[in-house]
Amino acid sequence: MTWKEYDQRVERVPVFIPVGSTEQHGPGLPMNVDSVIPTEFSERTAERVDGIVAPTIHYGAKSQPGSGGGSEFVGTTSVHGGTLRRQIQDVIGDLERDGARKIVFFNGHYENEYPIREAIDRHIEDGTRATFIIASWWDLLSPSLRDEIFEEIPGGFPGWAKEHAGVIETALMRHFRPELVREDEIVDDEADRTPSHIVKPAPTSAVPDSGVFYRATYGTADVGRRVVENVTDTLVSAIEKEFA
Amino acid sequence: MTWKEYDQRVERVPVFIPVGSTEQHGPGLPMNVDSVIPTEFSERTAERVDGIVAPTIHYGAKSQPGSGGGSEFVGTTSVHGGTLRRQIQDVIGDLERDGARKIVFFNGHYENEYPIREAIDRHIEDGTRATFIIASWWDLLSPSLRDEIFEEIPGGFPGWAKEHAGVIETALMRHFRPELVREDEIVDDEADRTPSHIVKPAPTSAVPDSGVFYRATYGTADVGRRVVENVTDTLVSAIEKEFA
Amino acid sequence: MTWKEYDQRVERVPVFIPVGSTEQHGPGLPMNVDSVIPTEFSERTAERVDGIVAPTIHYGAKSQPGSGGGSEFVGTTSVHGGTLRRQIQDVIGDLERDGARKIVFFNGHYENEYPIREAIDRHIEDGTRATFIIASWWDLLSPSLRDEIFEEIPGGFPGWAKEHAGVIETALMRHFRPELVREDEIVDDEADRTPSHIVKPAPTSAVPDSGVFYRATYGTADVGRRVVENVTDTLVSAIEKEFA
Amino acid sequence: MTWKEYDQRVERVPVFIPVGSTEQHGPGLPMNVDSVIPTEFSERTAERVDGIVAPTIHYGAKSQPGSGGGSEFVGTTSVHGGTLRRQIQDVIGDLERDGARKIVFFNGHYENEYPIREAIDRHIEDGTRATFIIASWWDLLSPSLRDEIFEEIPGGFPGWAKEHAGVIETALMRHFRPELVREDEIVDDEADRTPSHIVKPAPTSAVPDSGVFYRATYGTADVGRRVVENVTDTLVSAIEKEFA
Amino acid sequence: MTWKEYDQRVERVPVFIPVGSTEQHGPGLPMNVDSVIPTEFSERTAERVDGIVAPTIHYGAKSQPGSGGGSEFVGTTSVHGGTLRRQIQDVIGDLERDGARKIVFFNGHYENEYPIREAIDRHIEDGTRATFIIASWWDLLSPSLRDEIFEEIPGGFPGWAKEHAGVIETALMRHFRPELVREDEIVDDEADRTPSHIVKPAPTSAVPDSGVFYRATYGTADVGRRVVENVTDTLVSAIEKEFA
Amino acid sequence: MTWKEYDQRVERVPVFIPVGSTEQHGPGLPMNVDSVIPTEFSERTAERVDGIVAPTIHYGAKSQPGSGGGSEFVGTTSVHGGTLRRQIQDVIGDLERDGARKIVFFNGHYENEYPIREAIDRHIEDGTRATFIIASWWDLLSPSLRDEIFEEIPGGFPGWAKEHAGVIETALMRHFRPELVREDEIVDDEADRTPSHIVKPAPTSAVPDSGVFYRATYGTADVGRRVVENVTDTLVSAIEKEFA
């Protein structure tokens, strides 16, 4: 998109900012899962609401052992939360200056939520005329579809923290970008139960060696397709309501 | 405690740092609920493991509408996440310099979790000989007791985000510090369902006017007593295991 | 205090913020002397001017050898001046947003003065409708009472820097919270003369091993009582004048 | 690439980090020119030296009027130099922790040079075992090819600052990603002579309305092809020499 | 001095860094009084101990109403304390890297003391092999000479805070740089008594309109000469002792 | 200049801020070349446009190997770019508050350009009524005079990066402050060709041992005189145009 095309639309339409990460996702999924997913979701949703998709942020906030394996995994390349917060604050500042009034952060990495919130809170403190939506696919997915999907899986729904490189992320990658999935390396594994507390430095035993926290093999492309439909529908409704 | 007493014990025993907030908790509970609870828990646990309780941090990270009502409520006085992170990093630095090797953050305010994690992550990057536990009472409470308590309540367990100024916080305050509870103002109220997304600036309709998110009247002192026993037991076990 | 009670008063009355520290105060006084004293003073003054006391800040700016012993003493747990400055700036921001127009920082730790000033200066640069008083008890104490008290002590008044854990702090603790004083450990000691310059890293000889800089035994509860009356009177007058 | 594949190679091979921007590039080129170019160059070079290409940084340092049009153009979405510096410092930290010892920043946006340098300087101050190359395509292009190309163009080589959205960027986009070029909108324009000084806020007259600083029409795909070969050769040589 | 000359001496000799300010000093003294004085003192002392004088820092920390008139005076151009702290930390880092082991900050502006201390404290936390002296002329001046000088002045010694643009600063300027003194504008004035508290924003009545806080006319060049001798002697002794 | 004199003129006239560095300049020139030159230029230009010269900033942004030798040279004492940026932002803030509307940064050190720009960009984002000129002498020098001067020198004009401690800087110092030049140590030397890329940590071979990058002996005082006239004329014209 050229700047002139952008200029003609930015004041009217939603602008999507996909926020991802570079993080281990087991032996079968690429390290950019958390970036691919929100980028794909943003494009699909933008198409339905006539929105603009801004470039993806690929370096997310520090991966935590309990939800992604943490910095101990080679290949996980993160920024500090405070760094991501500053980046988002600067980006918002320029978007708003250029006229954007409807801004959607589509987030694919749990640890990004806090820095995105802090960035927007600080932006608002200085005054804003824009409205912001922060959307993470796991929150957008309807509980009923979630239950339906996990019903068929031995062990059921383990909570989102344990779903790292598990059923849904595998399903989404198989649906969105099958060519990036190493099918021969998709494995089932299982992280320990959700702990009652956090320990740092994280004991090496806390996370499966594979980096897979749950049953990746159950994440079929068909599951992916159903999740995409459901999540996109929910976000379209949210956008229509909140930006009305 | 004098510095000489501290000096004799700091290298051997766990040091507890209660991290709270100053935040609206409805018309019946004081604004320092999130500080009182981790302070009381820290003292009870410290007694059992021969620990030291450091002074409480009373100004927590920015309250969020979905989990505490947000900055829109008069009386909610917060610091930015980045500010809390710096404060904790400095405190950890001094504790470790003085010989502390077992450090427990007892957290009473959901929004503090991220800054505490980032502070410890940054501290560890520079090298550490200490082990850190981050403990929030809602994670320490055993799911079985939680279910037992909410079973008796119409509506059941609504998720922790909606439990702000609700059953358990009311119960804990009635148990710990009944003189701070305005019994005539304890009310039941209810926040909307957990939203699929976050909107900022937060619509005023998102949170009950009272600031109570759930059924405060069900939080009896007896419920508080059972929660305290359960949470303390869990934390004592965690301390024995992680600092072994 | 609940948020509703706060809401009804915050725009009209002074809000006190006690700022203390966690710092060695010799073998007889607890490490929270600098927090206890401004908290107690704030409560007594607030009572007289119908004010509100906000939660105490317990971690003060880096202790300096010449005025408190410095970071070399085990148990002294401080934050960098820049960290305290940010914390206060955030707190002021929320207080002013909620309507506070009369804000009193009651300071109990010399090293906090600069960060408090810088925080307020930066806040004012962004525009303010509030008025701020920074009050430290040693400045509020009238010179005549000070001279009267030290007249009776061999060596006389040594300057405030040398009064750390000395006559007045001991007196105030005996008056405010005698149960926190280890009477059997109250000792007289003496720091070297006020130096003509500062050396860093501080030579170990610069400060008495006890951490007491002057004659703690002379700080009777009765001296404490007289100081409290005098300081509170002065502050009440200042509040009446400056917030008129 | 999965983390296991990365793990097996990261210690031996060069890691490329493309650093781009989101910036107006006239009516014919997309706003991500400065990101596409270094990403494509990185991939081609990595192929020849068996390197790894890390995710692209899409939000570059504040565009300056004299070299890109500046923030006044709608669509130019930048971060402050200090923000980019922090981001790069965090990324380097994780790369080095994971074993990377040969790190190449391929830069596509002039304004990024300084923050990249400052990030590496600060990283080195804390100690490093890695070697870093900062490569910008305009510096890699041999002066002889440059002269050859511009010889044929009326006006000749105007200096790199004036080549924004001009001959070479157009040529590279036509070569790398012709589908992103709006051929009907490629125009020649001309920025004023290189000024003797910088004025801020920038007068609106300083930059052509189109955002094109020079003769875009002369940037054929064939010119692009020759530049790519030349630049890639130079960088391969540099890598072989500096990482020997 | 060239870098080669510096290189031959930096590891052995003291390096002086004069830290000043740009601040109103009444109608008779220039705005750079606080820079001239420490620069001149540094040069005289360096001559006696074979030291090196580094370039002067001319923009000091925010002037405070009680000790210099504050930012309300036109012409007072300051930096925030945190900014000065960063600057000094960077400078120290380079000095120590180059071999300096004896570093003297000669300070001419009261408000700089805290940032200088914080900078050195942070530097030491990261490890240092250098020793630092912070010297402010008012602390170096012997109490006996001070009393001797003020004895002859109606009103006596008013405390250092009130001596801004008063007796000693006028005397030092007349001695060091008489050509910068506007003799016809040297006036006596008087700031109110030392206040028991600080008010911000500062009431306009707090400081004399002239910017002179005390009796400038009594600051003769002869007084200046005596002060210089005394202060220099004290500092030479301190240097010999602390860097032994 | 006293504050009263400043007060009468600041709103009408240009204020010059010389920004220099402390950096090796070979065996014949002092380390403050980059500070002396912009200070002298500022004074001469200010005289012609009735301007005010503010105090010089002596510690510039981190010297880079390719343009000044880098931090590896003993004697080069720099601050990080972010530090200089903050300092300038604070100074601008105070100047504008005091009424300055025409602000000229005269820069003598290449590496300062970016931080000066970022400081002004951030200042403008918060709103400004002032206009800023950033002037570096190498950009102000007319290409025709430059060519005339280098025509006579074997090797010709090597590009500004290689002119460090070379022809023009030597010429300017001989013209402005001959007493600071060690004539017996002025040497010709030559840095390698402009590199196609930057390597960090910089190989020791990248820069001549002398620290001289080009032919210093050709920089006569007469060349200096012609440069000064030319640069000053250009800047006077720029000031008349931009501040009209």
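Going in written order, the chains are labelled A, B, C, D, E and F, and every chain counts its residues from 1.
The definition used in the following text is that contacts are C-beta pairs under 8 Å (C-beta built on N, C-alpha and C of every residue); 3 or more make two chains touch, one makes a residue touch a chain.
To keep track of the chains, here are their UniProt names: A, B, C, D, E, F = Creatininase.
What you see is a predicted model, and the numbers here were worked out from it, not measured in a lab.
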Fewest touching-chain hops separating chain A (Creatininase) from chain F (Creatininase): 2
Neighbouring chains common to chain E (Creatininase) and chain F (Creatininase), by label: none
Pair exhibiting more inter-chain C-beta contacts, A-D or D-F: A-D
Classification of the chain B (Creatininase):chain C (Creatininase) interface as same or different, half of numbers criterion: same
Maximum centroid distance from chain C (Creatininase), chain identifier (CA atoms): D
Between chain C (Creatininase) and chain E (Creatininase), centroid-to-centroid distance (C-alpha), Å: 27
Between chain B (Creatininase) and chain D (Creatininase), centroid-to-centroid distance (C-alpha), Å: 47
Sequence positions of chain D (Creatininase) contacting 2 or more other chains: 71, 80, 82
Category of the chain touch graph - line, ring, star, complete, other: ring
Successive chains along the ring, chain C (Creatininase) then chain E (Creatininase) then the rest: C, E, F, D, A, B
Contact set on chain D (Creatininase) toward chain A (Creatininase) in their complex: 1-4, 6-7, 10, 22, 24-32, 35, 54-59, 71, 73-80, 82-83, 86-87, 90-91, 94-95, 97-99, 182, 185, 211
Residues of chain D (Creatininase) touching chain F (Creatininase) in the complex: 62, 64, 71, 80-82, 85, 114-115, 117-118, 120-122, 124, 128, 131-136, 139-140, 142, 194-201, 234-235, 238, 242
